[in-house]
Amino acid sequence: MSLNPIIDLLGRRLRLAVIGGGEGSFIGAMHRQAARMDDRYDLVAGSLSSKPEKAMRDGLAIGLHENRIYSDAMKMIETEALLPDGADVIAIMTPNDSHYLYAAAALAKGFDVICDKPMTNTLEDAKALHRQVVESGHVFCLMHNYTGYPMVRQAREMVADGQLGIIRLVQIEYVQGGKADENDPDPSGTVPWRYDPVRGGPSLVMGDIGTHAHNLVRFVTGLEVSEVAAEAGTIVPGRLIHDFAGAMLRFNNGARGSFWVTQAAAGVENSLRIRVSGTKGTLEWLQEIPQSLVFKPLRGPAEIRTPNGPGTLPLAARSSRIVKGHPEGFHEAFANIYSDAAEAIAARIAGKKADPLVLFFPNSYDGLMGVRFVHKVIESSLADGKWVLCED
Amino acid sequence: MSLNPIIDLLGRRLRLAVIGGGEGSFIGAMHRQAARMDDRYDLVAGSLSSKPEKAMRDGLAIGLHENRIYSDAMKMIETEALLPDGADVIAIMTPNDSHYLYAAAALAKGFDVICDKPMTNTLEDAKALHRQVVESGHVFCLMHNYTGYPMVRQAREMVADGQLGIIRLVQIEYVQGGKADENDPDPSGTVPWRYDPVRGGPSLVMGDIGTHAHNLVRFVTGLEVSEVAAEAGTIVPGRLIHDFAGAMLRFNNGARGSFWVTQAAAGVENSLRIRVSGTKGTLEWLQEIPQSLVFKPLRGPAEIRTPNGPGTLPLAARSSRIVKGHPEGFHEAFANIYSDAAEAIAARIAGKKADPLVLFFPNSYDGLMGVRFVHKVIESSLADGKWVLCED
Amino acid sequence: MSLNPIIDLLGRRLRLAVIGGGEGSFIGAMHRQAARMDDRYDLVAGSLSSKPEKAMRDGLAIGLHENRIYSDAMKMIETEALLPDGADVIAIMTPNDSHYLYAAAALAKGFDVICDKPMTNTLEDAKALHRQVVESGHVFCLMHNYTGYPMVRQAREMVADGQLGIIRLVQIEYVQGGKADENDPDPSGTVPWRYDPVRGGPSLVMGDIGTHAHNLVRFVTGLEVSEVAAEAGTIVPGRLIHDFAGAMLRFNNGARGSFWVTQAAAGVENSLRIRVSGTKGTLEWLQEIPQSLVFKPLRGPAEIRTPNGPGTLPLAARSSRIVKGHPEGFHEAFANIYSDAAEAIAARIAGKKADPLVLFFPNSYDGLMGVRFVHKVIESSLADGKWVLCED
Amino acid sequence: MSLNPIIDLLGRRLRLAVIGGGEGSFIGAMHRQAARMDDRYDLVAGSLSSKPEKAMRDGLAIGLHENRIYSDAMKMIETEALLPDGADVIAIMTPNDSHYLYAAAALAKGFDVICDKPMTNTLEDAKALHRQVVESGHVFCLMHNYTGYPMVRQAREMVADGQLGIIRLVQIEYVQGGKADENDPDPSGTVPWRYDPVRGGPSLVMGDIGTHAHNLVRFVTGLEVSEVAAEAGTIVPGRLIHDFAGAMLRFNNGARGSFWVTQAAAGVENSLRIRVSGTKGTLEWLQEIPQSLVFKPLRGPAEIRTPNGPGTLPLAARSSRIVKGHPEGFHEAFANIYSDAAEAIAARIAGKKADPLVLFFPNSYDGLMGVRFVHKVIESSLADGKWVLCED
């Protein structure tokens, strides 16, 4: 592979501006590291906080020039659009309720956009944003980072290649323990935005991790959930937000599935696990050991597939930076999405067709499907768990 | 522990007669090995087949005396009841539709009974049998063998001991691949009894493994499922029987759960997995590595609990025959149930109170709960997945 | 498979007499369970202790008839040899220093023998015993129980079948923590026989587990250790006996190996691990998860081989009692040796040729090789670790 | 933690120049990613190849300015030393035989140095370089990247904190399959530098991975190998270089160890595994699942320690960028070393004392110990495996 396909194509790196991600933000640091990992981007501008002092301090701390530091993100969008060396891309890593505002504004000014998930809080915003993206012809990349893992991509390719036959059964779980303690956060204290349904969306657990789980299933299987019967609720007393959701799934090819997400499983770290069974075999992947994809054929011994191991397919191969046996992790998966988006954006800027292999990153359609799924889960849950069509 | 508590108490082993389990029966060999493992039983009589020639041949092959070999199981029950050294216990390992007949007859003649699961095919039979057991005062042991694993018993004791706090969330899956191949069995050929809903019960997957999953949850948590929303169906074309079932669970203490069983996951061997989360921590157990019970406390590192390892509680300790680090498996778990039942039976015969630690084997109430759960899953499934109360 | 090949052949089970294994003996219970597991033996006589009262109490407790209970093992050998329904087989489960005495006496009286390992304490005894076995034409089965695991047998067959190509590299470790605590046993208290070099042999760790490790390597690879450079020593202060041994190995085909055994690794349970690499691939097996054999071909993904899973070879297939996915453990491995020995003995009694598949249990030649290896390790250790030929 | 401690301290990032690492170099990309990961460095100059055209092409491809691209690395060192905004640090990622030349020259011109391992091919060079580093007072960072893993650092801290008690037993293995195929590389074709003992050093396997294994043991235990008995050799026919080495180790506190490294284990990916046992417990770590550190206390259940999980000590905590449950891998471990070195270098430039927690990266003393160990292994191997003192 080329040492740097962006420099090859454009003679320079892409210019990136960020909204959100100041000191104290977990996801902001992830975005910036992902942008640096493969050297596809120069970070040229940022609005890391809406508070002017904090915006300036944090912007300087990450090495931005003071002229390119903004506390008003909307002003950054307008200003950078006019600069001769202004940003090419806007990356949004703010609380969920502002994703739509910034993404729509950035697209309107001609920027490509990288946006954290969930895409929006409301279905209306999701539809409007997806329409705007399609009409704009610009790149919109949604940070469902788990789709960046080499072995998740290998799973997708094996399914698409027919190695599993017809998909019949899917299990997805995303179980965390971060919200298991009822004293954390203290309900009488300052509530972080995630605990506020207005800012964090209609279902915390679904927005936070349910959309990841749903997107992972769609990414690997290539199927859509056509019907869902669900319960989303609150298991830890004294909360306004959902901390678990269970569902049964029916897919558009007739396959069936089980869905379980919670952030209230005490002591569990980050158990995102998927199992996909087709007529010819089963795939199993667990995020906590991401370099192992277990393939259990209908006939023949179970196989442990690894990045760059035997049988690695092209998308998985280009998603790993290292020889087999050396683990990659969260940061590399995140960076794979950023780097693929970079190639798509650079191709658009250069007026060229992007390599089809770079176009597997989640986009606004994926975001729309995710937001709709959240709403359908809630709809079924409110209707005594009855089956609800995942249609508009 | 005593070298042989049955001999200690009775001066002899228990006398066992078996119904079913002739050549070609998987479960028959399991029962007989379990009875031999700890030397609690002498196998004295058997009706291994209803075909006289096969009954004789198989009976001799396992070392029975020809006088104690029967092709008519009902006649064996009657005859053995009259012999001065007749059987103490009848063990039933026939197709599901005859469990009730033989168990009821054996109880009526004053035998203690060990019975394969599911207890019966119909709810009516289950109720009647449970009533008969209670009224008889005899021992009825149902072979939910997974409850015999030392680490499953450790899990139960840790929950009962309050080490998990209040139980909030439960996940149970039982996934196999044995019925993934649509050409197996050939639908045009001889259909084994399991594929016949009349003999195998109203839902194959629920009777075969769904009742195990349900019983395991009850055994570990001490909770009852109070409501279920479910879908049970057939994913492999050309079948009359269910090969998957998914459900959402509500427990009698307000806890929530996810339930998923299938025998159609190509290539999967025997993935019976449970995760139980309480306010103080989470337990995880997987049948394929049965000697590991992972405890993830709310605060503190995850711990791998092992048979006879540090922190082993009494019921788990008495359920392992060997020093730590040496695996035990399916046979030993099965034998633990047989051996506990033996102690209960011997105590009854001797007119003594059994050690409470031997009384954790599944009984007719567990059987009734299992059969009812099967029926409630089907009821919800037929009612568009709506929540159904698990009550009569 | 037949329900009981011994009954098929002889019309009865084999009659077994045991020496040792009274209350308090770990290994005695293992032997008796192994003999019962597959119903090949009737336990008819026993000398469980040299103390008359204990011998009688323990003998009755396991159900022996008082006439067949002996406190003098030598007398039992003589008496049983004369009885019309006397024992066929003598099983020896006493401290190491008496193995030779009883085995030689039993062979002399025409018994087949099952003997715990190590075969003897001294090389002279080992040679004499092996010679006697060969001359007698009787069955001598040495309890290297780890060779009874289905996946260990699968490994042996894969090597023998050429699936690994030419063997080049071997790693064997057997690490336990049972003797890590310097206060256990209390040096001022009663020292168990294992801590006494006279009774336990010249090197505790080598006799206890080093011979298992050595035998496992030989069993799987079919190779002999031709040279060894070693250090055997005591790492826990205040001991007379060895608690660790490390060695480099050269095999008779030029392969190289690494050997490491210890009982002083605090907190480790029973980590017996082997890795064998040939020109075509590598096998890895760990006793703590015995149902997984990982095969890593030179080209192609790593495979997880399981009992009765795809690719199971005949010896492994006959060594598992259950459908794939259900764990078997220590007891079943132990029983496999007992049951294979039973078939060999029954064939001898019946004057028939045994099925070659039953003849893989360890024998007196394996025992001799093991005792010689112990002595060669000590010889090298005393000679500043220089390479020593494993020859007489 | 600060968003960027280097910018905090110096008002800018460190300026980095690289020698080696052009297109086709695996390790070059690793170094550059590691330097970018935490944004501590600006890559300002490079000599990626000694061929002028390739140096220019590769330099431009990674975004260097043409004025700062050199084909003559020695000239780069001289030139950059004179530039007002010249490099602060020289990173060396060339074949082993040139490490000494460039490192010595860079130190002589006042640069801090980051160097790939092994430090040098000869013991003389290693001693000279270490002396020069000490006299210079500059930072010399050796890329033993495995010491950068959070759980390896946790292991070191737990040992240093006394949580294992006195260290008694150590096992280290580093097993790869990359050189298992005797046709790879084709001996009749172009031999890569690693296969040339002059360029790759006196023992390929020892230089490539043996030094990693040795350094990992020293890093975790804080002990030095005082004596070694070893065999290093060639198991794959037709080679000039070593592809395996086994050794027994004695440590300066009396502990004992086992050492095994090979690159000829067909199908094995990258099994770097360490087990350290002390009087109070055992630690186990396997590079292929780097986020798990298993702690087995003498009394108490085994614990799975994870990055940022309960009980994480300070050095481990600062070595992870992400919340618990999200894997980090090779790149992050590599970057931890680069980022710690950056803080040490920035402190030196600023005339301040570095935070002691940043000073755990391997240095020239570690490099000297590694080169000496390689030579002592060879010395023992040539002397029939006798014990050799690891002293000059």
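Read from first to last, the chains carry the letters A, B, C and D; within each, the first residue is number 1.
What we mean here is this: a contact is a pair of C-beta atoms (placed from the backbone, for glycine too) under 8 Å apart; a residue touches a chain by one contact, two chains touch by 3 or more.
Everything numeric here is computed off the predicted structure, so don't read it as measured data.
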| item | value |
| --- | --- |
| Contact-richer chain pair (by C-beta pairs counted) among C-D and A-C | C-D |
| Chain of greatest Cα-centre distance to chain C | A |
| Geometric centre distance via CA averages, chain C-chain A, whole Å | 55 |
| Whole-Å gap between the CA centroids of chain A and chain D | 34 |
| CA centroid of chain C to CA centroid of chain D, Å | 43 |
| Per-residue overlap in chain D, given as positions that touch at least 2 other chains | 268-269, 295, 300, 302, 306, 309 |
| Contact footprint of chain B on chain A as seen in their complex | 165, 168-169, 171, 173, 175, 177, 180-182, 229-231, 233, 235-236, 244, 246-248, 254-258, 260, 262, 264-268, 275, 277-282, 295-298, 300, 302, 384-387 |
| Residue numbers on chain A that touch chain D, as the complex places them | 2-4, 7-8, 13, 23, 26, 29-30, 32-33, 36-39, 58, 60-63, 176, 178, 268-271, 287-291, 306, 309, 321-332 |
| Residue numbers on chain D that touch chain B, as the complex places them | 294-295, 299-306, 309-311 |
